[in-house]
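The first chain written gets the first letter, and so on, giving A, B, C and D; residue counts start at 1 in each chain.
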Amino acid sequence: MAKTSFVTMEETLAAIEDYKREIMQPLTAPEGLSGDQILKMYRRMALIREFDTSVKGLWKQNYIYGLAHSYVCAEAIGVGACAALRDSDFITSTHRGHGHTIAKGGDVKKMMAELMGKYDGYCLGKGGSMHIAAVDEGMLGATGIVGSGMPIAVGAALSSKVLGKDNVVVCFHGDGGTNQGVWHESINLAATWDLPVIFLCENNQWAISLPYKKASKNPRVSDRAIGYGIPGVTVDGFNVFAVYNAVAKAVERARSGNGPTLIEAKYYRYIGHFVADDERYRDMATNAPWTAFDPVERMCRFLVENGGFSEEQVQAVYESAKQEVLDAIEYAKTAPEPPLSSLYDGIYSPEFMEILKSRGEYVL
Amino acid sequence: MTRTMTIKQALNEALKEEFRRDETVIIMGCDVGVRGNPFGITLGLYDEFGPERVRDTPISEAAIVGACLGAAATGSRPIGEILFSDWITIGMDQLVNQIAKIRYMFGGKINVPLVIRAPVGAGGGQAAQHSQSFEAWFSHVPGLQVVMPITPYDVKGLLKTAIRSNDPVLFFEHKRGYEIRGEVPEEDYTIPFGEAVVRREGADVTIVAISIMVHKALAAAESLNQMGIKCEVIDPRTIYPFDYDTVLQSLDKTHRLIVTHESNRRSGIGAEIVSQVVERGFDLLDDHPVIVAGLDVPMPYNRQLEAMVIPSEEKIKNAVLKLMD
Amino acid sequence: MAKTSFVTMEETLAAIEDYKREIMQPLTAPEGLSGDQILKMYRRMALIREFDTSVKGLWKQNYIYGLAHSYVCAEAIGVGACAALRDSDFITSTHRGHGHTIAKGGDVKKMMAELMGKYDGYCLGKGGSMHIAAVDEGMLGATGIVGSGMPIAVGAALSSKVLGKDNVVVCFHGDGGTNQGVWHESINLAATWDLPVIFLCENNQWAISLPYKKASKNPRVSDRAIGYGIPGVTVDGFNVFAVYNAVAKAVERARSGNGPTLIEAKYYRYIGHFVADDERYRDMATNAPWTAFDPVERMCRFLVENGGFSEEQVQAVYESAKQEVLDAIEYAKTAPEPPLSSLYDGIYSPEFMEILKSRGEYVL
Amino acid sequence: MTRTMTIKQALNEALKEEFRRDETVIIMGCDVGVRGNPFGITLGLYDEFGPERVRDTPISEAAIVGACLGAAATGSRPIGEILFSDWITIGMDQLVNQIAKIRYMFGGKINVPLVIRAPVGAGGGQAAQHSQSFEAWFSHVPGLQVVMPITPYDVKGLLKTAIRSNDPVLFFEHKRGYEIRGEVPEEDYTIPFGEAVVRREGADVTIVAISIMVHKALAAAESLNQMGIKCEVIDPRTIYPFDYDTVLQSLDKTHRLIVTHESNRRSGIGAEIVSQVVERGFDLLDDHPVIVAGLDVPMPYNRQLEAMVIPSEEKIKNAVLKLMD
C-alpha cells in the first residue's frame, strides 16, 4: 500500500453506499430481449471474463508481449451496449479493447493470435492488445492514447449521415478520457451536427492512480451533457441491462436523426490497471468490497433466479465460453509468426506500396 | 484546351470537379462554407454542394482532423482544412498517431483516403504563429504523403491525385502563392506523386527549390544567366515521395547542389534532401551541398526583420556565386 | 451579402429581443466605485474606441503591417473586468489584444509603436498586433491561435497558489475559443485545483463567419460550468458595470481560494472580424440594429444622465483619450525601427544567447 | 565521493535535490504523485514535497504543457511530464507555438524556465503509439532546447542544468535505459548543454550515437575492435545545442562518419547532423556519411518485426564494415 493514498477504506465504504443509493439499478431483463439473446449476452460476458483472466497469465509466461489492459469487471458495459447495436453499426474503443471486440462479435481466436503477435491475428501481429481492431465486425480499433478515439467515432457517424446510411456509432471512453481536449471537441461537434453517435463513458472512478474526484471537481460525468445541449444519463455500469436500456434509447434517438447522447456507466475497477500493475498507489483492501457487484456473477444469479434458466444451462454456457478461450489460446500458440517479408505491408495502401517499391523504397 | 488562371482558381476548380465526380468527397474546416475560405479557395462549394458536404466547423482542429479519419475509414473521402498550417499542431496527435498509423496498426484493414489542406509560408507581417511550414516534420512520419506544389497546373493535378488517393495526404499551399498564374488544361488530369519537374535547365548548379522558392530560384537563375552561370532548377512538387532520381541526374551534369526552402534551416527538409543526396550520390558532388533556408528564428513581425529571415532570390544568388567561386 | 447567410434579418431582430429580455442589464454604478474610478473606466473605454478606430485607417495606409483585430464594441468587457483587478493581477488575451492591453493599464504609445513594428513597441517590433503583450502591466499577451491562452492563464494561477501569492488571473477568450480542446482541459484543471482564475468568455456570437448557434448546440456558454462544478453566469457584455460586478464577485471567490468562475459576457460583433474583413459571409444590414447597444455611447449617456457628470466633463475625458491616441500615432510614426542586429535577441534567454553566439551560432 | 546507481535513481535524486534547493520548482503530470510515475522516477517526491508542488494531473496533456508555460512566465520552475513522448503531439501547439516563441514574440520580456520530461524509445512490444522519438521535430523549432542523455552521470547533471535554465528544455529519457548503471558523484554538479563526450576513442570511423544507441555503438565498437577496426564513439548528449566541434575533430582523424539514432531515418536527426557535417567539414570526409536509424515504419507489435525496425549493434557493425571496405 502507498504511504499516501487518495482513497481510504472509509471513503470506499461511503462510495459504495452512494453507489447503492444513487446508481445501482435492479437487474431486470428489458422487454423485447428473447431468452436466447439474453443467454448470448451472458456468453459474451463470460467470454470476456475468461479471455481477460487468461491474458494476465499468458503475459506473465511471455506468450503475450507488450502491455495489456483487462476488461474484467466492465463486462456489463461493452456487452450491454453492443447488444443494442446492429452488426452494421460501429464502435470505437480505448486501451481496454478486448472486451469491446468480444462484445461486438469479434473472434477470440483472431484476438488471441493478435495478442501473441501472430500473422493470423486481427492485425497480422502488428497491433497487439493496445491496437486490437475487428474492422469487419464494426469494431474500429483500440488506441493507446487516452481520448484519441473520440473524433474517430464522430467521423464514422459523419460518414453515416453524409453517405445516407443509418449506422450509429458507440464511442467508448474512460473517465480519464473525459478530460482530454478531443473529448470536448468531439462531443460538441457531434451535438452541433446531430450526428448518430453515443458517447459511452466507462467510469470506473480511476485513471491509473488518479481517482476521478481528483481529476474533476464535478464527479458526475453526465452533467457535462447540459453544456452541449444533449441528453446525459448515469447508469449502473455493473448492470448489463441498465446499460442496454440506456444505449438502446440513445441508439433510437441517434438513428432517427436527433443526435448524440452522453451515457455514463458507473462501475469500479477493483482489479489492477493493467497486467503489470502493482497498485502501489492505493490500498488494495479497498478493492474487495466492490467485488460484491461483479457483473458476471450478478448476471449469472439473475439468469438462474429470475431469468428462467436452470443452473446447468447457465453453467454450460459459461463452460462453452471458457472452452472457446482455451481453444483460442491453443490456436494462437501454434499459429504462424508473421513472415519477415510482411514488415512493410500496410504502411500505405497496396497500390501506393507498389509504386514505392518500384522506386526502390521499402524493399527489404 | 488550356486556360490561364491563378493557383487559387485552380484549387477551386479541382475541388469542384472532384466534388462533382465523387459524391463521397466532403470538406470541413473553419470558414470553408458560407465564407468560401478566407482566401476564397472554397468559394461556391457551399452553394453548389450544400451543408452536408461542405461543413463549417467550430474551432476544433483536433476533432476536425480526427473526424476526417473516422469518415475516411468508413467510406467518405474527407478533406480537412487547417487555415494556417501552424495550427496543425493542435491536431497533431490525430494526424501522427492515428491517421498515419491506423492502416498499419490494424493490419492493413483500414483505408485512409483523406486530405488535409493547409496554407504554409511566411510574409506579410503575420509573425510567429502564422508563418511556418512543417513539411520536414511530416516527412518524418511514415504513413503520410506530403505535397507542396506551386503552379496552377500542379496544384490542380496534385490535389486531384490527393483526393483520389487511398492514403492520407498533407497538401500544403503557399499562402503568398495563391495569385500565381499559369496554364491549366480544361480536361481532367492528375499528376502522380513523386515526380519532380525540371523548371529550367542548366549545367552549372542544381537548385532544388521547395514551394514558393521555385519562383525565387527561377528569378535568381535568370539573373545568374546574365552573368554566364547556368542553373538547373528542380521543383520536386511532392516532399514524400521525393524524386531523387531527377536530382541525381541533374547532379551528374552540374556536380553542385543548392537546396532552398522557406522553413527553418535546422532539421528542415533541406537536411533530409542533402543527407539522401550524399548517401546516393556522394561522388557526383564537387563541393558540399548548400542549404538556403529560413533562419532559425520565430518569425518576427517587423517588415525588415521578417525579410532577413525569409530566404530571398538574393540569398540564392549569393549561394550560387559562392559555390561557383 | 453572401448568397447564403446563416443569420437573416428576422433572426437578428429576434436575437435582439432575446438579448433585451434575458441578458440586458441596466447600467447602474456598483457600490464602492468612486466617481474618479468610473471616469477612469470611461476613459479607458474611450481610449480603446479611439485606438482601434484609428488602427483600421493606419492599416489601410500601410503604417500597420500584418493583421489586426479590433476591440470596438467589446470595450465594456475588458474595461469592466480589469477594473475589478489589482495591478499585480494577470490577464491573458486573445487575438483582440488591444482592448485588453488598454484595459489593464497599458500604454497606447508603446502599443501603437508595436503595431507599427517599432523598436519602442511593447515587443520591440517582433510581435505586432496579434502578439501584443504588456507583461509589466500583467497583460500576459495576445495570441493568434484561438483558445491557446487558456492553459497559460491556468499556469499563472497555479504560480500564484504555489508561490503563496494572492494574484488572480482573468482569462479572456472568445465564443469560438470555447470549442477548442484546451478550453475544456484548462477549465477542468483549474476547477479541480481550485485555482484563482476567472474564465471570461467574450461571446460576440460569431467566430469569423460562423455564428455561435452553428458552433454549439447549447448557445449558453455559461451552462458548461455545471459540468466542471464551478459557478457559471451570463452577463450583459455591452454593460461595463454588469461585467465589473460579475468579475468582482468571481475575483473575491478566486482570491479566497474557492476556485474559478466561468463568466459569459454576451455582446455582438457588429463590425468586421478584422481590418480586412469584407463580411461577405453575412448580411451587413444585420449589424445596424445591434449598434443601439454601443457600450461606449451607453456609458457616456449614463455618466451624463445618472452619473452626476456634466456633458462637458464627459466630453473632455473622451477628448483627452482621443488626443492620447493621436499623440501615440505621431510618436509611433517617428519611432525608430528595430536595429537589424536585434534580429536574434530573445530567441533564448540572454545568457543562453551568449553561449550560442560564442559557439558561432546566431551571429549575424 | 561517487556512488553507482541507475539512471532512474539519478533522475530521482536530481529531482529531489532541485526541489530542496529551489522552492519554486514544481512537477506535474499523470501519475507523478502518489504513484511516483510508472517507472518510479518521481518516487518519494509527493511524500516529501506535498501535493502543492507535486501534482497528479487529469489526462490533459495540452493543458499540462500550457500550464507549465503560464507557471514559468510568472515565477515558478515547472517540470511537466508526458508519460510517453509520443503523446507530446497532444500538447504540440502549446509547445511549438507558445512555449518556443513567447519570449521572442513578446520582445524578450518573458522568462520560460520550464522542462518537459518524456520517455522516448522503442522495444518491449509497445507498438506504434508508445515507441517514438521526436527529437528531430523539436530541433526544427527555434526557442527549444533538446536533451537526450544516457548515463546516470549525464542525466543527473543535465536535468539539473535543465531545471536551472531560463529556457524551455525537452528532456528525453530512453525508457529502455532506466536501469543502466553508472557512477554519480555525491556533490552537486551540473553539465552544460552542447558538450559532447567521446565515449571511446578510435581512429578509423566516427560513430555519433544518440541516446540508447550510444550503448549499442559501444558494443559494436568493442566487437569491431577485435577485428582491428577502431571506432570513435561520440555521445552528443544534447541535440540542441549540438556539439559539432567534437564531431569535426574526430572526423579530422577518422574521415568516416556514421550517425545512429533510434527514431525514423527519414527527416530524422541524423539527416540534420549529416547536413551540418558536410557543410562544415566536407573535405574531411573520405566517403559519404551513413545513417543507421529506425526504419520508416510505424513500430510493429510483433517481436521479430519490431527487432527489424529498431537499429541494432549488428546494423552498426555492418555499416562500419561496409564503410571500411
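One rule holds in what follows: a contact is a pair of C-beta atoms (placed from the backbone, for glycine too) under 8 Å apart; a residue touches a chain by one contact, two chains touch by 3 or more.
What you see is a predicted model, and the numbers here were worked out from it, not measured in a lab.
**Q** Please identify which chain has its centre, taken as the mean of its CA atoms, farthest from the centre of subunit B.
**A** Farthest from subunit B by mean C-alpha position: A.
**Q** Look at the interfaces A-B and B-C and say which one is made up of more C-beta pairs in contact.
**A** Ranking A-B and B-C by C-beta contacts puts A-B first.
**Q** Using CA atom averages as chain centres, what separation in Å is found between subunit C and subunit D?
**A** Using C-alpha averages as centres, the distance is 40 Å.
**Q** Between subunit B and subunit C, what is the separation of their C-alpha centroids in Å?
**A** Taking the mean C-alpha position of each chain, the two centres sit 35 Å apart.
**Q** Where the CA atoms of subunit A average out and where those of subunit C average out, how many Å apart are those spots?
**A** 44
**Q** Could you pull out the residues of subunit B that touch at least 2 other chains?
**A** 57-58, 60, 62-63, 86-87, 90, 93, 97, 104-105, 127-129, 142-143, 296-298, 300
**Q** Multi-chain contacts only, two chains or more: what residues does subunit A have there?
**A** Subunit A, residues with two or more chain partners: 123, 125-127, 131, 143, 145, 179-182, 185, 188-189, 192, 214-216, 347.
**Q** Touching subunit A in the complex: which residues of subunit C?
**A** Going through subunit C, the ones touching subunit A are 179-185, 188-189, 191-192, 214-218, 223-230, 259.
**Q** Where on subunit D does subunit A make contact in their complex?
**A** 30-31, 33-36, 38, 46-47, 56-63, 86-87, 90, 124-130, 295-298, 300-305, 308-309
**Q** Note which residues of subunit A are touching subunit D in the complex, please.
**A** Counting only subunit A, the residues touching subunit D are 2-6, 65-67, 117-118, 123, 125-128, 130-131, 143-147, 176-177, 179-181, 207-210, 214-216, 280-281, 337-338, 340, 342-344, 347, 362.
**Q** Would you tell me which residues of subunit B are touching subunit D in their complex?
**A** Of all residues in subunit B, those touching subunit D are 86-87, 89-90, 92-93, 95-97, 100-101, 104-105, 127-129, 134, 136-137, 139-143, 240, 263-264, 266-272, 274-276, 278-279, 282, 287-291, 296-298, 300.
**Q** Where on subunit D is subunit C touching in the complex?
**A** 24, 26, 52-53, 55, 57-58, 60, 62-76, 78, 93-94, 97-98, 102-111, 142-143, 145, 165-167, 192-194, 241, 245
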